[in-house]
Amino acid sequence: MINKVVRDIAQAMAGVTSGASIMIGGFGNAGIPAALIRTLSDNDLDNLTLIINAIRRVDECEPVLFAEQRVSHVISTSFRGPDALPSNFERQWIEGRVSLEIQPQGTFAERIRAGGAGIAAFYTPTAVGTPLVEGRELREFDGETCVLETALTADVALLRAQKADRFGNLFFQGTQANFGAAMATAAALTIVEVEEISDEPLPPEQVHLPGIYVQRVVQVSR
Amino acid sequence: MINKVVRDIAQAMAGVTSGASIMIGGFGNAGIPAALIRTLSDNDLDNLTLIINAIRRVDECEPVLFAEQRVSHVISTSFRGPDALPSNFERQWIEGRVSLEIQPQGTFAERIRAGGAGIAAFYTPTAVGTPLVEGRELREFDGETCVLETALTADVALLRAQKADRFGNLFFQGTQANFGAAMATAAALTIVEVEEISDEPLPPEQVHLPGIYVQRVVQVSR
Amino acid sequence: MTAPLSREQMAWRAAQDLADGSYVNLGLGMPVLAANYAPGEREIFYHSENGILGVGPIPEPGYEDPELVDAGSRMVTLRQGAAVFDSAASFAMIRGGHLDITILGAYQVAANGDVANWDPLTPNKGPLIGGAMDLAKGAKAVHIIMRHNTKDGGARLVTACTYPLTAPGKVNRVYTDLAVLDVDAGRFIAREIIPGLSRDELEARTDGPLIFADDCCDLIAPELSP
Amino acid sequence: MTAPLSREQMAWRAAQDLADGSYVNLGLGMPVLAANYAPGEREIFYHSENGILGVGPIPEPGYEDPELVDAGSRMVTLRQGAAVFDSAASFAMIRGGHLDITILGAYQVAANGDVANWDPLTPNKGPLIGGAMDLAKGAKAVHIIMRHNTKDGGARLVTACTYPLTAPGKVNRVYTDLAVLDVDAGRFIAREIIPGLSRDELEARTDGPLIFADDCCDLIAPELSP
């Protein structure tokens, strides 16, 4: 019998170790796995690589994560916080304590999708002609210059969904799917915090992400 | 006001001309736009390129299409019919009257998806080590040899869905989505035959393919 | 001279060019205001790159859903006929050339259509790329809303961008507080100018080839409250 | 000697190796029969490459839906917890390495794990690739069901495939009408043989390095009606 529902967050995060590459879903407040993010500090992890669309969300959820220098590398698309003063993350970046790879959002999403879909690399026209592709491999297709981008995978994906069943099937509310849906496909261990565990299997029309992509589900009330 | 619903099949197929490249959805009987396929002969089109997963479905829907040599090129994944005797299509292929490009189903689907997604080309490990990649461009990523595949687009996509609204939003029943969903994104003109036109806009949870990918919808009863 | 257009008036003017039935992505800041000013009889599907096609109005108090937000992280609603999807699908839609127009803010637009809008070159502040490069590259038309000049009077319509590019050669039209200009064949073509602003002055405030359309007319926007 | 296994018995044997909780794609022909024989207490999600994860049983008469079919174009149902998606998503799942096992039919399997199953090399008949290359390449484990020999007694377990390959070096296990064999390190390793068939005879009917597992035992399947 399949049961991907785990008892608590500690069980959900078991086996996530220092040095792990961790994808984190979320856009704005939608789909941010805030409870799971907070556990990264509790568990005394360090040397982490975080792959997340807006890195400042991590600072907002768990500022101590950067304050304690638990993160060594970041892949992201949005960097600046709205505040005049730099965030914890920005300070560490300025001081050279964390390295940063910054990408267009669509390229970021597509690299993750490729990672989950067994596509090793792809050519995209986005960012060609900008400083982001300096020194990168370019190639023309049908008169359009494109840049080669490789797939992005990770050890762990953390996401948030509204509802799950014991098969790991996920139902996303509103715009919760965002980056998390692709991240779940690209990580070896996908951990999902949900508002609600459905006792009944989700009906097919409610399955936005099939359980094959999910290893653990934990209920977390906000 | 947006209204993508057209009166009849003639209006739906207006502007599809000889020499067109035409993607056709369907897998088994699910999602086969049989009424639209039949129109290809009625409209006296020729020199067509057909892009379809199982070419023999066309032979089953409209054998006259090959009998009258209206098709000059086929891109497909499944070729043989179940019968001992060759189909109309097979006879033309044997006689060298129609050219054939045959691909693994996943590569076929991914090339179409790339065509709709603005990805010019991608590297896939599928078919490496088989005769299909002879003479093709190979490249190693992380120790895995991959073959370069380019995006596939078309002038026209023909598909079938259960339900549509005036915005062109589609609801697929069962496994109707199959190749048609990606084809709709990869064609300049997407024409959909549907069982039912919904007077009300489809609710978001029923929109399997957003209307942005659909130009014309026509109701066809089987 | 009429006062330069306000933020709302620039957004209003940009909104008048959104056709009935079009699919439109509005960037953060002034662009997103345009949704308030499109003529009401037009059906427009606003795309939000975090996964909405058919963004509706801001919800009434008490009806907000924190899990339904737009690309500016504002809680929104869905219009009738809307669809929701994940980010990979959303950027496939953008990059695949399916959106009719994106309206973006910018630091600079060059006469060859280059646009720069992501790196403010502020010391100790990192870049904010987001989805702008995908939008500028992927949309069928790129419209820009920005003030005609910097705070210290420098040009933003330039011969060549000095800020890092978002996309080369993609801008079709610019809405500023002084004028509406098309970008074509290496020139800015003024289509509308605020009443009382001389062509000489517009030229002085523009750094790059500028010509005036034969039918160049007054740029007049209604009074709008912020 | 016990009679060679029937089609159903080969499928039954293959089904016994499908673990509880596994995600499995069954190819056309004998493989798809395996779904009938997996031990009932195991929860197995059968994937169909046209867009189902969680194929259920064939529907009762009167409950067929012609728009819900499996990769063999048979009308099917959905099991509880099933999901439905389009072909691009389905092959992303396959190619991305998410399926635990695919069971395929084949013309030939080589001792190095190569498999050939798509081109019968029949004159005047075209190829039928379908999804086999994606499945053979993408699944975590590739199991093959096929008769041990051709109709005229030729070997199908071979040193090197003479038919065009479906995928190189991917086969983990082969179920034939005579034996169950693992494919490892360039050899066939017999794990089970039908009672009464001598090792010499199995070797004679196999063209390729063949060894016998220390615990090689009898291959016994229940009587099954076609």
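The first chain written gets the first letter, and so on, giving A, B, C and D; residue counts start at 1 in each chain.
By our rule, a contact is a pair of C-beta atoms (placed from the backbone, for glycine too) under 8 Å apart; a residue touches a chain by one contact, two chains touch by 3 or more.
The shown structure was predicted, so the numbers you read here are calculated from the model rather than taken from an experiment.
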Count of contact steps on the shortest path from chain C to chain D: 2
Chain pair with the higher count of C-beta pairs in contact (A-C, B-C): A-C
Inter-chain centre distance, chain A versus chain D - centres from mean C-alpha coordinates, in Å: 36
Rounded Å distance, chain A centre to chain C centre (Cα mean): 29
Separation of chain A from chain B, taking each centre as the mean of its C-alpha atoms, in whole Å: 34
For chain A, residues that touch 2 or more chains besides their own: 110, 113, 117-119, 124-126
Touching two or more other chains - residues of chain D: 84-85, 91-92, 94-95, 138
All touching chain pairs, where touch follows the definition stated at the start: A-B, A-C, A-D, B-C, B-D
Touching residues (chain side chain A, partner chain C) in the complex: 27-31, 53, 77-80, 86, 90, 93-94, 100, 102-107, 109-110, 112-113, 124-132, 162, 172-182
List of chain C residues in touch with chain A within their complex: 48-52, 65-74, 84-88, 90-92, 94-95, 114, 124-134, 137-138, 164-169
Touching residues on chain B, where the partner in the complex is chain C: 1-2, 113, 115-119, 165-167, 169, 185, 201-202, 204, 207, 210-213
Residue numbers on chain C that touch chain B, as the complex places them: 20-21, 23, 43, 45, 53-54, 78, 80-85, 91-99, 138
Chain A contact footprint on chain B (complex, rising order): 110, 114, 117-126, 141-142, 144, 146, 150-151, 205-206
